[in-house]
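Accompanying notes for the structure given below.
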Amino acid sequence: MQTVSLKLVTLVAETVLADPLSRDLTRLGAKGFTITEVRGEGSRHLRSGEIPGQNVKIESVVSASVADKIVDHVSREYFPNYAVIVYVTDVAVVRGEKYI
Amino acid sequence: MAISSVLQTNLLSPITLSFALGILARRVKSEFSLPKDIYMGIAVYLLFALGLKGGAELAHAPIVSIAWPAGVTILLGCITPLSAYFVLRKLGHFSTADSAGIAAHYGSVSAVTYIAAQTFVASMGKTVEGYMPTLLALLESPGIHIALALGAIKSTNKSRPIFSVLHEVLTARTMVLLVGGLLIGYLIGEKNWHDIEPFYDTKGVIFKGALCLFLLEMGIVAGDRLGDLKKVGPFLIGFGILLPIVHGTLGVLLGHWAGLSVGGCTVLGTMAASASYIAAPPAVRVTLPDANPTYSLTCALTITFPFNIVAGIPIYYQIAMLVGAY
Amino acid sequence: MAISSVLQTNLLSPITLSFALGILARRVKSEFSLPKDIYMGIAVYLLFALGLKGGAELAHAPIVSIAWPAGVTILLGCITPLSAYFVLRKLGHFSTADSAGIAAHYGSVSAVTYIAAQTFVASMGKTVEGYMPTLLALLESPGIHIALALGAIKSTNKSRPIFSVLHEVLTARTMVLLVGGLLIGYLIGEKNWHDIEPFYDTKGVIFKGALCLFLLEMGIVAGDRLGDLKKVGPFLIGFGILLPIVHGTLGVLLGHWAGLSVGGCTVLGTMAASASYIAAPPAVRVTLPDANPTYSLTCALTITFPFNIVAGIPIYYQIAMLVGAY
Amino acid sequence: MQTVSLKLVTLVAETVLADPLSRDLTRLGAKGFTITEVRGEGSRHLRSGEIPGQNVKIESVVSASVADKIVDHVSREYFPNYAVIVYVTDVAVVRGEKYI
Amino acid sequence: MAISSVLQTNLLSPITLSFALGILARRVKSEFSLPKDIYMGIAVYLLFALGLKGGAELAHAPIVSIAWPAGVTILLGCITPLSAYFVLRKLGHFSTADSAGIAAHYGSVSAVTYIAAQTFVASMGKTVEGYMPTLLALLESPGIHIALALGAIKSTNKSRPIFSVLHEVLTARTMVLLVGGLLIGYLIGEKNWHDIEPFYDTKGVIFKGALCLFLLEMGIVAGDRLGDLKKVGPFLIGFGILLPIVHGTLGVLLGHWAGLSVGGCTVLGTMAASASYIAAPPAVRVTLPDANPTYSLTCALTITFPFNIVAGIPIYYQIAMLVGAY
Amino acid sequence: MQTVSLKLVTLVAETVLADPLSRDLTRLGAKGFTITEVRGEGSRHLRSGEIPGQNVKIESVVSASVADKIVDHVSREYFPNYAVIVYVTDVAVVRGEKYI
């Protein structure tokens, strides 16, 4: 079965950002996303939220251009003040049109 | 009763000791904590019970009798965030964002502190007006809104559109359960209430038993943050103790003036003195990104909450006695 | 008692109002919901309590006295999925898969609706046969199996091997807790039962208190899906209200014929009228892939469940009175 | 330490598919898998399950050929009727034989 | 009472039957299980209740009266891990790691088995010394430490630094809740205790009701592992039944010698006979990597726990009667 | 926005290893990590822990050299006796310095 190559954008952020970030993703062109409750530690040691270290991981399969937009937006809007990271991976999917 | 023995009674209550155990557990680096869903579930139960019981009582109380107490409660909801803000801004020289962020916490109320006050008053053999939960609901959100508006206006940075946040606060867990419970308790009538009273009665054993487990976990959460006391510095530590005393006294006085009993005055004072650590934090976090959450949460959870539980409530009670509330 | 006042009693019950609060919370876009594990945990408790209590009662009831009621219950389990299927297929012109999928829900039973009926009957001052939970267990699965078999046979698409699903249904949570509870309640004997009765008694305060929290969450889940009413269209909305009335009447009549009291008739009618939204959905989802889950779940959860809670149960009660059950 | 390059197949699907899909994976040659409870939104807006949006993520490290088989099978058997997506990533592992 | 009827009483207790139901559910391949957080939450409640109740009783007991029982308990904590270790090493020819790993489980204690013994004794109409929970806390950790030290010394492989593990065991959930509860129960005094007693009383309905749900899940967990019985082989199966009888008898005798009542002897014997499956496993897993966890967990959970619940406790009770404890 | 290419190391291991492994990661140079509770099945069928199959997934974005160190360490220290797997993926991140 032939596949197309797309980008998987992964965000890890403090729980309170789950909704704002998903809204942003949709606005920037993501057709869907998957959210996982995670916990973690990083360099910022920000203790927001009643129980510290409670984060969400948001994953979205998108086109390269949308991926750029998201990374761009997140690092501009959220990096300065929030505990959040973002990274991008190459993925192969079938029915690529579903994600674009 | 002498203040000393009052303090002692309070120190040896299951609530205080459970909270202490939680802190202790964290200090000895225990990894124990209540399962998240259980902690949340107990919170839901406590708030819903508060609402139901309050509603059931409301059914008896002549609405007019609440008018004045309700008025002064809303007044407290407007004064306390402002006083907090200006103390932090002028005396503490904190940024607008930080000042507004912390003020949002102190302008709102902590339901658990409220419950502790109610339990304390009962253990002193005094009664509390049945409609206090209604006042609790009234005090929940105005302070948060005022402080956030203040921060949004004053801060140079663009802050997230505030209206969505106002809505979030108004529809948050606490409001749904408290206001919803009040309505249900009010509507179901005597007979239905008696069917579920033993389960939801805030003087009942289930409520008191669950409360201990809840405070155990709160102690763990607070103990987790003891280390942050260094980060917030002496000014905020003093702020977290003195402001509650000021707000508490104000609450007692206004309550007395509105005709509340000594029990009611103590509880209203405690409400004014308490700082929210459930409703306020997320609202502040998304509205004022450059407010440091470590400041506000450490003050509310690690300084003011324990202070009120251990010493504050007995103090407000003494003040209520002094002002001669019957 | 006049139907109006019966309806009113029912509308102002903590159960109905908690459910309404849940819906309201979602309508005002509150993000509150009960922690998942708490919701599941309460479900486990309610079902286990039903079983234990039923088993304890069974220990007294002469087995023969159950023969007829059990017979008509199984009969209802065979009739209701078929009637539902053919109404949907012939009048509604739904696909075989969709018809069978929805029929599986209406052929089974909703334990919470059952509990609501039991509570309602008690509030009317009537008693219910102690062995009703046994009938509940009997009605749980046959309808699902019949409907799925029907769908599997009729549908052109290959559907997943049905046997694994039959097994899943028979060993699902509801069956384990209900049947298991029945056995335990039956075996432990008087003394042991009295030790745990206050905790598990379905008339007890813990049961009633927990039930309110459960219905609060059910209201949230239903409120979440109100929007889907548009998707299912007027036929299914009518179907979700009228079929329960038909099935409910049938249940009352058969119950009366089998010698049940007015309370028993009301509860059996409610069981027949109710639609499963726990056991049926996953079974249908994996067996009939091309059945649209939005149809069946919206009907069962957003139309029939609220209808039964609010109006259905009182109606079946009235019918039971009319047919002159003592 | 020298590593071999394999494929990580990731499935996100409605919870009810957790068991059928894991069985399929094993049948198609996967030597193991990891399941995570997630929630998500996509283009289909199917509201199956009592609480909508509750999904499972199933990840399995497999050989390229098994990966093809899985993608193939899933898109044929499940795409038409179920809320499910699948994507494939390149991963490097040690002791590759464990996964083949 | 004849041993047979004693056994029967025990077999038909809600606890035993709930456990059996759990196993049965797994044998019929049901996928039902209690939500994880509920299971954890009940464990927390049970342990905290044990502690509180024990502490409240302690407040009355003259400390001296506990000296001897405490002494023999610690003695049991030192003997049982060694006896277990050498039986496994010499007779069973297991590796040092495996022997030490399993010994750590049998040197510690299972709180649920303890509770079952307490409930059983009560159902026999006998009383138990109020300070037993203190003994439970005393027996929790020494055995684990001794066994792990033994394994660390004897094993050739480097094993993880043992001190961090000692600390983990001493600050684990069980210790925090048990010891913490003891302190709180001891400090709060009569009046406060009576406020929360109905909720935490280990003879109360909430405790007994929750216990059934807990054992239901334990049955599921054990049923899950029945298959592993093949893996552990006949020697360990015999070991998991005979060693408890030896340890149980020893516990009864030492208890009698220390002046415990027949109830106290039975419970102390059960404690000695029981094997930990909560505190021990993680400690062993990280300290002795090459100890096979399937061995220790299957013995503790799938062999010894059910044996004690079903037959062990009544046997220790009979022995206690024989040795003529009053 | 220009990104740098780093490694995402993913560990899946029995729950009891969550702490030891996170400590190791930090010691080996990881600047942060994200932990997810998962369940899974593998070839070893080890049933450690009260509830078998309960695992944790630990993900860490690190430099290639740190990634090597981690894979190396884990396969030496944990593979022989524990239920654990590790795999490495290429990821693109912004502000790479945060992770090094």
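A few remarks follow.
Going in written order, the chains are labelled A, B, C, D, E and F, and every chain counts its residues from 1.
Here, contacts are C-beta pairs under 8 Å (C-beta built on N, C-alpha and C of every residue); 3 or more make two chains touch, one makes a residue touch a chain.
Note that the coordinates shown come from a computational prediction; the quantities given were computed from them, not determined experimentally.
Following the contact convention of this document, A is the list of chains adjacent to both chain D and chain F.
The fewest steps needed to get from chain B to chain D, moving only between touching chains, is 2. Under half of the residue numbers at the interface between copies chain A and chain D are found on both sides, making the touching surfaces mostly different. Of all the chains, the one whose CA centre sits at the greatest distance from that of chain D is B. Taking the mean Cα position of each chain as its centre, E sits at the greatest distance from chain A. Note: centroid distance chain D to chain E, computed from Cα atoms, is 41 Å.
Rounded to whole angstrom, the centroid-to-centroid distance between chain C and chain D, based on C-alpha atoms, equals 35 Å. Once the centre of each chain is set as its mean CA position, chain A and chain E turn out to be 47 Å apart.
Our note on geometry: chain A versus chain F, Cα centroid distance of 20 Å, whole angstroms. The multi-chain contact residues of chain E, meaning those touching 2 or more other chains, are 35-38, 41, 206.
Shown for chain D are the residues in touch with two or more other chains, namely 36, 89-90. Going by the touch rule set out above, the chain pairs that meet are A-B, A-D, A-F, B-C, B-E, C-D, C-E, D-F, E-F. Here chain A touches chain B in the complex through residues 14, 16-17, 20, 46-52, 80-82, going by the rule given at the top.
Residues of chain A that touch chain D in their complex: 1, 3, 6, 8, 22, 31-36, 61, 89-95, 98.
Across the complex, chain E is touched by residues 12-14, 17-18, 21, 24-25, 28-32, 34-38, 41, 205-206, 208-210, 212-213, 216 of chain B.
Note for the complex: chain F touches chain D at residues 10, 12, 36-43, 55, 57, 68, 71-72, 75, 79, 85-90.
Of all the residues in chain C, the ones that touch chain D in their complex are 36, 160, 221, 224-225, 228, 277-278, 281-282, 285-286, 289-290, 293-294, 297, 301.
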